[in-house]
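Letters are used for the chains, namely A, B, C and D, taken in the order the chains are written, and counting of residues starts over at 1 for each.
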Amino acid sequence: MTAAPRPAPTARLGQNQYGKAETRVVRVVRDGAVHHLTDLNVSVALSGAMDEVHLSGSNATVLTTDATKNTVYAFARTHGIDSPEAFGIHLARHFTSSQASIHRARIRIESYGWQRIAEPDTGHSFVRDGREVRTAQVEFDGTTWQVLGGLKELTVLNSTDSEFWGFVKDPYTTLPETTDRVLATDVDARWRYGWNGAGEQPDWQALYPAVRSRLLSAFAGTYSYSLQQTLYAMGARVVEEVPEVEEVRLSLPNKHHFLVDLEPFGLTNDNEVYLAADRPYGLIEGTVLREGATAAIPTD
Amino acid sequence: MTAAPRPAPTARLGQNQYGKAETRVVRVVRDGAVHHLTDLNVSVALSGAMDEVHLSGSNATVLTTDATKNTVYAFARTHGIDSPEAFGIHLARHFTSSQASIHRARIRIESYGWQRIAEPDTGHSFVRDGREVRTAQVEFDGTTWQVLGGLKELTVLNSTDSEFWGFVKDPYTTLPETTDRVLATDVDARWRYGWNGAGEQPDWQALYPAVRSRLLSAFAGTYSYSLQQTLYAMGARVVEEVPEVEEVRLSLPNKHHFLVDLEPFGLTNDNEVYLAADRPYGLIEGTVLREGATAAIPTD
Amino acid sequence: MTAAPRPAPTARLGQNQYGKAETRVVRVVRDGAVHHLTDLNVSVALSGAMDEVHLSGSNATVLTTDATKNTVYAFARTHGIDSPEAFGIHLARHFTSSQASIHRARIRIESYGWQRIAEPDTGHSFVRDGREVRTAQVEFDGTTWQVLGGLKELTVLNSTDSEFWGFVKDPYTTLPETTDRVLATDVDARWRYGWNGAGEQPDWQALYPAVRSRLLSAFAGTYSYSLQQTLYAMGARVVEEVPEVEEVRLSLPNKHHFLVDLEPFGLTNDNEVYLAADRPYGLIEGTVLREGATAAIPTD
Amino acid sequence: MTAAPRPAPTARLGQNQYGKAETRVVRVVRDGAVHHLTDLNVSVALSGAMDEVHLSGSNATVLTTDATKNTVYAFARTHGIDSPEAFGIHLARHFTSSQASIHRARIRIESYGWQRIAEPDTGHSFVRDGREVRTAQVEFDGTTWQVLGGLKELTVLNSTDSEFWGFVKDPYTTLPETTDRVLATDVDARWRYGWNGAGEQPDWQALYPAVRSRLLSAFAGTYSYSLQQTLYAMGARVVEEVPEVEEVRLSLPNKHHFLVDLEPFGLTNDNEVYLAADRPYGLIEGTVLREGATAAIPTD
């Protein structure tokens, strides 16, 4: 290999990471005739002593992304997949401990739900439960752990108990006030667990539905004067009732449902017929923290 | 308007249709504090005496697509939405009977499911049940009705009881035979009802789950030697057990799950760890008919 | 293999087909330092003596979809890819002539364009030219050939010379008439070549740009009173000027650009600021035929 | 409005922002018969004194997202759209200066390219040039400006002059080394301009093609031993040759093209026939900075 010319002195390398994205692994565990199914999409991002590969193309410190993919499959066999979080912890610990050049690993996982087909219940027949995608992210730098749980594409709607009025009227404000509107959103949530590697791992499989049910019940049970208020209620409910969670980040598109004007056709429309709009949409984003916690989930 | 020049004699107009596609209508019915939600995506296609608009641009026989959209909203108010099929029948009858120039109407509808949020049960809080999209298609030419029910994006998987062997070996065949594989597909089904406009409409809302449950149970309960066999079993089950259905068309992608070779890592893989592939995929399509029925669902 | 039970007599098998969909093949031809790139997505659908595989699961007449995929790759090597149409013809002839059980083959191909990076022109550096996807479809039943060319996702816009007025006013019509609007669409076109297998194949690579340029020039050059008129002009231009084409099917969404009402802000809007809408959209579909030709492109 | 109960003391509000996302604005400027077209997708995110709306639902400090949408349309009329960056600067300055409660504005813009249809050149006929999406982001907190240019979905491929070998071999490494492979990626790039609000704005419309051409030429002209090396070369080329740019962040998926094994069919494959894979894919991300600059583009 001919040495590639070094870059002119005006440029330098900043933060960088690499790895195999979207490795799709499905694991079947057979408990006699009863099978259990896990369905994940795993993305690995590694960083460390990677200056040379950028500057000269030398791969001497580079674990191939193909090997990171192979590791995902091998670990599904050797460690099993108790939960996305536990699986990510196995992977992050492995990459940072087995290669001197790798100083930090971030594992992102999407988990897809399946239900059993009930009739007939063969023990091995499943139907995809598409309501939402569960997410997890594990970061480890050899010392400090950060574990995020999450979900996305959970679509919810309240057909009443939502108002919107009393807002600023600037010269570009034409929106009428309303005391009864549809409030709908696709919940995109990530939450940070307090677990830092010391002591036993918490029960990730129990925590996911615990958080999810709080998000849903706060959405349903909040009489809303703005989507921001609902967002805060959802995040606060989790922080207040799930002690393992330090911080929740929510991104909530306002899926506008506009009341259709039927007057031109001689019809009333008493909050009955709505147009579901695509774009543009309001986008409300915010973090709710446990008192004393420091925000660590990226806001961008 | 200056008359546009008529086309040279070598070209002539063939089949044509037009209308507003993807009108998104959400209807809320309030039964006291308990709300009911219907969420549709309606596409209208009309045809008839439309030569002039193509040849000279004269819109004298053209009902605007904007008006077809308005009709969808107005009918949601005046007729309600008892089922996608009944709603489509109202629309198709209206367009063909109210405009002399419109000779045929085809209404396609997607219906999105919602469940109630259980805790708290406010009566007005819903979560999108994304497992599949229900579809309906109604065609009417003023005389003859054709009603199709359907569903798509229903993802199912059997983790065993599927074999694949005994196939043709040509010079390009390298696939090994197997007696135990994962069988997974996204069910895309359309079925034609026998109802032709005479007599009462059948109970569309009861028929949809009746067909859906047959598709699921035949998928789960069929010990499969090929996806074609499973396809036929699914269609036949519907035709045999749901007398209102004359014909079923199924399009089933073979969502390949390849057993990962873990031997390079010193590991066995006894049908435990699979790679879920995206492309390419097998695509199996077929029609199953009631004996004596004539196929009418397009195969392309 | 235990014989699966035969279906009850009320069901029978109708039209069916199968094959590997979306095989992505890229071919590089090295002409010294100058490389040539072809990038295809190939879908194979076969039909024939396939009753047994549906009824009993016997695969004795089934060429695997995996073998059809392998054939695509092998033929890219042995036959090259002169054009999507010629490649499809090789494949369709092979499947129908080499397997007694296969009576009909339909090959669908998407072709993605690449341009050379000009600076520096290394001879082997390309940038994807994403303006549209070229499509081709070849069907062969052992006797009769049908070859369709096509394109999709070709987005075009006229910012004036489009009017829309003089339409039907029914009780649901509220759209104002206009004598100056934006007309925009995504062209989805398929055209049928007259070539039936007798004689030399036409020059497919020359015909594609010949048709495409007619579609573009007719769109640009037609002063339009309706999108239907523009559709007909586009199809007729092709039929009249490209003798190899018998029939054109066009599907044109009306990508609405609504003039924004700026009056509430004390501003005029003289056809300057538009809102580009997503859904709903008008959808205009139609076939234009050469005089004497019989329509064969599916309309659904 | 009944005051909503204040949250329990364990939760508190962190970073938050809101606004209208994906406002689609198209502007036509008529220079006699010659029209000019601008096509943007604008997303506004505002933050400031927004505690009350989260805690009690009071909207007293909330400018509606609907008003931010209206402002986009009005500003397209009053300020025109000289470039995405200049348009974003108008918007960000307006929101932060006109509302005391708004302390920071971030404007994200996607810009879609159109070319003139050449034959006939009507002056008002355009075809979408889909090769890539140009992006811009403007942030302003009343004092400090940050302007990012960018592009995404620019797909490029080198069919040779790419090697990959000399990498770490751990127990999960099975990838063979290669001295001639296809290197392909979708370029997703963002770059930060040094302009901080002092002095004239740079010529954004000239800078975009200046950066784009450097990215392309560095991709094409770099003999590559790894995608990381190519990434660094692309970023360094921009930093070294475009003085207005301080920092470049690149995210480059490795769009794997696997050489197909044709040996089972008795065929050689001398870097001719490739399988274009979808998932999983390597993902290489990195920042290149001007010496002395501080990284500010988010890495996550």
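Here are a few things to note about the model shown:
What we mean here is this: a contact is a pair of C-beta atoms (placed from the backbone, for glycine too) under 8 Å apart; a residue touches a chain by one contact, two chains touch by 3 or more.
None of the values given here were measured: they were computed from a predicted structure.
Where touching is counted per the definition, the chains common to subunit C and subunit D are A, B. The most distant chain from subunit D is B, comparing centres defined as mean Cα coordinates. With each centre defined as the average position of its C-alpha atoms, the distance from subunit B to subunit C rounds to 22 Å. A separation of 37 Å divides the Cα centre of subunit B from that of subunit D. Shown for subunit C are the residues in touch with two or more other chains, namely 24, 70, 74, 172, 174, 264-265, 278-279. Chain contacts here are complete: no pair of chains fails to touch. Of all the residues in subunit D, the ones that touch subunit C in their complex are 24-30, 35, 37, 39, 70, 73-74, 76-78, 114, 117, 119-120, 122, 124-132, 153-161, 182, 213, 216-217, 219-221, 257, 260, 262, 264-265, 267-269, 271-278.
Of all the residues in subunit D, the ones that touch subunit A in their complex are 1, 4, 7-24, 43, 45, 50, 53-71, 74, 98-99, 101, 163-168, 170, 172-175, 223-226, 228-229, 231-233, 235-236, 239-240, 247, 253-254, 279-291, 295, 298-300. Taken together, the subunit A residues at the contact with subunit C in this complex read 171-172, 174, 264-265, 278-279.
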